[in-house]
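Okay, so chain A shows up in both of these, paired with chain B first and chain C after.
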Partner chain A sequence: MDKWIKIALIFTLLIFSLEGFAQKQRFPKPEFGTGYSQPTPVTPEPRALALEYTDVIVLLIVLSLSSWIAIKDRSRKKMLWLSVFTLLYFGFYRDGCICAIGSVQNVALTIFDPGYAISITTLLFFLLPLIFTLYFGRTFCAGACPLGAIQDLLIVKPLSLPEWLRKTLGILPYLYLALAVLFAATGTDFIICRYDPFVGIFRMDAAFHMVIIGIAFLLMGMFVARPYCRFLCPYGVLLNWMSKFSKWHLAITPAACIQCKLCSDSCPFDAIDYPTDEKQVKQRIWGVNRFLVYAVLIPLWIIIGGYAGSKAHVWISKANPKVYLAELLISKPEVRLDEKNLDVQAFLSSGKSMEMLVDEASVIRRKFYFGGWIAGGFMGLVIGMTLLNQIIFRTKKDYQPNKGNCYSCVRCVTYCPVKN
Partner chain B sequence: MRMEHDIKLKLSFNIALVSGIFCITVALLLLLNFMQMSKNKPLESKALTSLVKRLSQEPNSDELKQEIRNFDLLARKAYFNSQWQVKTGGYLLLFGAVVMAFALRTLIGLRSKIDEPLLKNDNELISRMMTQKWVIITGTLLIFLGLVASYASVDHLKKYSVDESVVNAKPSDDQDKIEVIQVGQPVIKADSSVKVEATSNVKPNKTINPEKVVTVLSSEKIVPVIGKTAFPGSKEIRANVPSFRGPFGNGVFYTKGTPVEWDATSGKNVIWKTPVPKKGYNSPVIWENKLFLSGADNTIREVYCFDRSSGKLLWKQQVDKIQGSPAAAPKVTEDTGFAASSLTTDGNHVFALFATGDIICFDMDGKRVWARNLGVPDNHYGHASSLIMWKDKIFVQYDTNKSRKLIALKASSGETTWETLRKGKISWASPILAEISGKYQVVLSTDPMVAGYDSESGKELWSVNCMMGEVGPSPGFGSGLIFAANEYARLVAIDPIKNAKVWESDEYMPEVASPVCANGLLFIATSYGVLACYDAKTGEKYWVKEDGTGFYSSPVIADNKLYTFNTAGKMKVFEVGKTEKILGEGDATEKITTTPAFKDGRMYLRTPKYIYCIGKK
Partner chain C sequence: MLNVNSHKQIRGIEMENSPKNSRRDFIKKGTRLSLLLTLGAVGGIAAKHLTGEKYVWQIDPFKCTQCGRCATSCVMSPSAVKCIHAYDLCGYCDLCGGYLKPDANQRSTAAENQLCPTAAIQRKYIEEPYFEYVIDESLCIGCAKCVKGCTSFGNGSLHLQIIQNRCLNCNECSIARLCPSEAISRVKASNPYKVKGSFTKEGKS
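The block that comes next holds the complex of A and B.
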């Protein structure tokens, strides 16, 4: 009964938090003159600095709690309630912004655009989870990420995916990261934010297709646990790297593993590594030769990837509004007469010359060209390294969380009969 | 216990089922709403559009207006109703989804059995082989997609650049039309790379095709254009003429060795003269080696850039294709014209304003950067107030019969940084910049007040009610005081810190020419031909010179000498002193209403047809 009271309390909080942050309705101005003087639009005041610092403090507390629960307390229930709080605070109350995932773009932009300065709160949102991960594993994913929390709470019947599919789909976050950094560095767009599938749900205000995508992710997440975290999250790439070197990481058993195998199916994210089957290792038909071939092929992957990325720069750069507008005006000059095309009309009313627009667009495209080389080369490296990793066998004797992929959600701990 | 488990199982199943049906129903309704709104967009109602069209034909039909309002109200109701439905539906769907998820979790939890633990990947080798295969396929696919994208997309920008390079390869028309005519002096090439042909012994007052440039090249060293700094400091501003009446608009030029005699007829001390293609009452502004003017008639508006050393027209740009610019030019009087406002420059860009309300920015090479229309001014003479800038802002005293505004525009983009609505009446005076208590203020003179505004925020800092009538003269600044005057009003000295009048006089007052102050002396030039000198701090009158011909051109001070031009084109140069002493005279032989600019010992004067460079030979 106590459980139902808690659930009812969450719903009440949820509804109130949504109501308070409803977006304003929009409607165009009347088109005929009435003598009424339209008031000048006013830019809303930014969020008070004190509140931004409060967010950082809350993040710090949540990360500390999450790490303490994962490493010391090992209570799944507490982790669950922490993620509920995260969902309500960082998700519904803070509208999913600012978040560590999107902050990757702010960092990229501040590196490549001297005219942009990242705020200290954004920088902290980017760094704090990485620092915590370096020490305690991906406890950010377990209890401090609203995107992870909303998916985690809706896991109903998780299916185990075959390894080849997980590894193949695992390339997508790298691609998403490369594109997000490229788009941010060229000042094109913050695609992580624009295509965040859950922010529309947090804000109850999004384009129809984004709402559909968000719902689709949640429905999929009922059976394929945390699909966004596992197969899209670009920040997860960085967390994965950090977590591999984490000093203290969640362990399934607090003492020696008794090889009971009870935990083997407990992880909905397939993030438990099994003991190495020595027989199979000995049976492998590839050996040093294939390792060398894959190692030698890595530079080739990088070059070919970079080349393909650079070749694709024309197409990718069309996502930039300035490039798009310039190309639209060149390829379809009649669009100038289209009064409904607000971008074109805004450009015409700015009085900028076409030459200037083309010059600016060309500079951006040039950036995409170099960015394409880097992003493509990076993807080539990812492919090459993923292949190489398939050749390397590391001896594991126990059931243990994969330090890179484990979200430290503490589910597996519950299954372990060894409690002390 | 068993019973309780079954009840829980049944209950959670039923809740999951009901919430599932509820979610599907709400989702379907939302989808229906979306489809309906996509099909029948209330914002694009054809009926409303046709009614609005009809209104343009029958603008006075109250019945039609009421009908439009009714339709508009209906459209709004439909739109907001739909929005409400979407929002409410969204909340309901979210609520239903959360309930369903919890119910499903409970249901699955209750049904779950403890499975016998099994190793999932019983053959890791096969799994790894599969992984390698699929990773290679994915990598290859990504590369393939990148290459396909490159061949499937067209680089329109490159195409545009190729076309442009062809156009740029042609010599410009202006270059072809340049003709150099000597005015009493031998021709000296300023730029050896440009071959110019000189025709000798042409009288300076000869009627010349305005498309051709009449110039005498001087040997003066061309000063390179200042580097691309964010904005110039006061030192750079004082070294140039960035606005009407010189640095900060105070009428004081910081140069030495200016000529005191010249004659347009004989060519004495005339370094060069060049026709200005179109009419304009704006005065020259200068940055380093470039001199800027504008000209306009009721159809064409242009900005000109001249080489200050040679007088050669470096570029001429039309001011057109600006959204909001009126198709038909507003009515202006003959003595105001369409290009009365002097330009302003920061050394990186030049800005021009016209009577149509068009304001435009070019870089120093004539490349258009931005343009906008500030709204066609309702001005019974025509807009005349000049531009001035400080740091990254251009200040526009945009007075019309409807509203009085001081607007600060962002120099880089033309966006409005701030806009201060002012009380008072329309004025034709120009803003000046005065450094008061270490900060630059924009000072304006209008009926009924003279006021100072914070150049950063536009906030009115002080205001003294002392003016009246149609104010034409701009304020002056010197000795820590602001001076303002207008015919039939007052000559007033204001302490801007104390926000109070220091002294005032009603003896000699200008109609158009602005007061100028230097060395503790104030000079006033009236439209009825009187030049008066006052003590700037006390208002004591030192001397009065009756010229006989009125002054529209503002008196200015350069090289510690007072330069005056009466409307007959006669120049008189006075010593800046407590006693009247004429240092020299000159004659433009044309009506002079503009104010000369001085730089590097030379005077630049715009006459109705020409721009002159006068210097010691």
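The block that comes next holds the complex of A and C.
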């Protein structure tokens, strides 16, 4: 008997739903007497997948060329033309998207959100430059990065920055990376893409404030060479790590360094390490004790950083629209009456209950809490390691590029009088 | 600051093949290998969700609440979002909620009666009492005023779509981030549109 009731129920539901569907068209389409032919809506296709793979192949070719120029050919002119090509192709033709710098976020999102599928192109844009850097140094920065290229081409009179300033500002990329991964992993925002200062210039179209920031960066870059690369680029952090342990790297001199100092001012990025000073050798005895103290302090830095990050999670999580909306509705219930608040009105008309929103928001906030610990701990580690690096003593015999910071732009090579 | 002039050459302290050097090389090699393995691991984890398919952004017209942000939030100006007309759903009404202002004084093509701020909808007489409405995409700015009118008073045949040859396919769509009704999502590039009619609320995947 039960079965029949169920079947009857299903039938009535079916009839009702069909009726509902028919009623949706308030004004049924007319039958035309004259020979009217109905146009079809135009829906142009997106850029073909094959062209995306072309981008990967172009990146591979540019990376190979750039590495070959930096290691074997050592011609600044060739590197310059390669960066012009990169600027035109990846910058102005491809509108700056997708780029390796932004792909960090896609990788973070796909690791933490199984619902997001990363495309092969994006993953390769993330991995290829890192692998190349692990073998050839940061040749990606010199020849294959459109953001690097636009800044590199506009260097006019680079100033040398004092070391303390470089080291302090050098912490910013780590913070940017930590925040970018945190925001991407929680599905909040892709801040690297949103605050990319040059993408508006590539597209010749952007929000007014981003145009101003972009132009400001370029103007600053005339005197402080590659300001974005050195003091902001989050992908540069990863490249720096890879490059420090690269198998091969650009060398200033093709043979033995004759200590002529001609190259010492050639690097616009202060990325040439000078030979060790005798004064520093004397300080070494003091250095050992300080080294131990600084090393012991690192776990403390990590804990402080993590604690600060976890404390800041409430504030940082407000960047997430869902958390923000839930907080707003709880703290200011009168906002429900505000006709102009589109977010609130859209939520109220969506039929979602307040509990559902609060649940979703608290799940996201929980992620921010753990993310805050990790990101903060990471920043603590970075600060601790930066301080430790200040007192680490390394004997250097010659003028050498600093493997972590050198972009392999080949400028210094032209200053070296040693040929072969 | 390093004083370049006062440096002393301390060459010869380390021989090329001293044990210290080979140890350093060993550490370097080991670190390089572990970095490579880390990259492989990250790539491997990411590859679990790898897709060979290309994804593009698209609006679900049934979720859209016509808030008007598509016109202002896109990185392109004018926006890559434009109005699409699903003619199958159109009633070809004389009194069109998408074309005429609610307070229009007559049903004519006069500018003061048009809802569209850029006059991108062309009204064409077909036969008594039917009119055809065609969107001129070069004029449309995606403000959704007509969509709101059509959805409120008509069949909802006018609706917004992201026009794929205009969309730059940003890594993260700046409209999707601000969309109050979460109507914009990534869809497969092999099926890049959600045009009403061919994509009905019942039949959507």
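The working rule: the second predicted complex is superposed on the first by the 370 of 420 C-alpha atoms of A that agree within 3 Å, B and C clash if a C-alpha of one lies under 4 Å from a C-alpha of the other, contacts with A are read in each partner's own complex, and residues count from 1 in each chain.
We adopt the following convention: contacts are C-beta pairs under 8 Å (C-beta built on N, C-alpha and C of every residue); 3 or more make two chains touch, one makes a residue touch a chain.
All values derive from a computational prediction rather than experimental measurement.
In the superposition on chain A, A:154 contacts chain B only, with no contact to chain C. By the touch criterion defined above, A:106 reaches chain C but does not reach chain B. In the superposed model, A:223 makes contact with neither chain B nor chain C.
Of the two partner chains, neither chain B nor chain C is touched by A:248.
Applying the stated contact rule after C-alpha superposition, one finds that A:387 touches chain B and leaves chain C untouched. In the overlay built on the shared chain, the residue A:163 is in contact with chain B and with chain C. Residues 25, 27-28, 30, 32, 40, 162-163, 261, 264, 274, 277, 345, 349-350 of chain A touch chain B in one complex and chain C in the other.
The residues of chain B lying in touch with chain A in their complex are 34, 43, 52, 55, 65, 68, 72, 76, 79-80, 83, 87, 90-91, 94-95, 97-98, 101-102, 104-105, 108, 115, 117-121, 123-125, 127-128, 130-139, 142-147, 149-150, 152-157, 159-161, 164, 321-324, 360-361, 367-372, 413-414, 419.
Remark: chain A residues 21, 24-30, 32-34, 36, 38-47, 49, 52, 95, 97-98, 102-103, 105-107, 110-111, 114, 116-121, 123, 126-127, 130-131, 134, 162-163, 189-190, 193-194, 203, 205-207, 241-242, 245-247, 259, 261, 264, 274-279, 281, 321, 342-343, 345-347, 349-350, 395, 397 touch chain C in the complex. The touching residues of chain A, counted against chain B in their complex, run 7, 11, 14-15, 18, 22, 25, 27-28, 30-32, 40, 153-157, 160, 162-165, 167-168, 171, 175, 201, 204, 208, 211, 215, 218, 222, 260-265, 270, 274, 277, 280, 283-285, 301, 304-305, 308-309, 311-316, 318, 323, 326-327, 330-331, 345, 348-356, 358, 361-362, 365, 376, 379-380, 383, 386-387, 390. By the touch criterion stated above, chain C contacts chain A in their complex at residues 1-4, 6-11, 13-14, 28, 31-32, 35-36, 39, 42-43, 45-56, 65, 67-69, 75-77, 84-93, 126-127, 130, 132, 134, 137, 154-156, 161, 163-172, 174, 177-178, 180-181, 189, 192-193, 195, 202.
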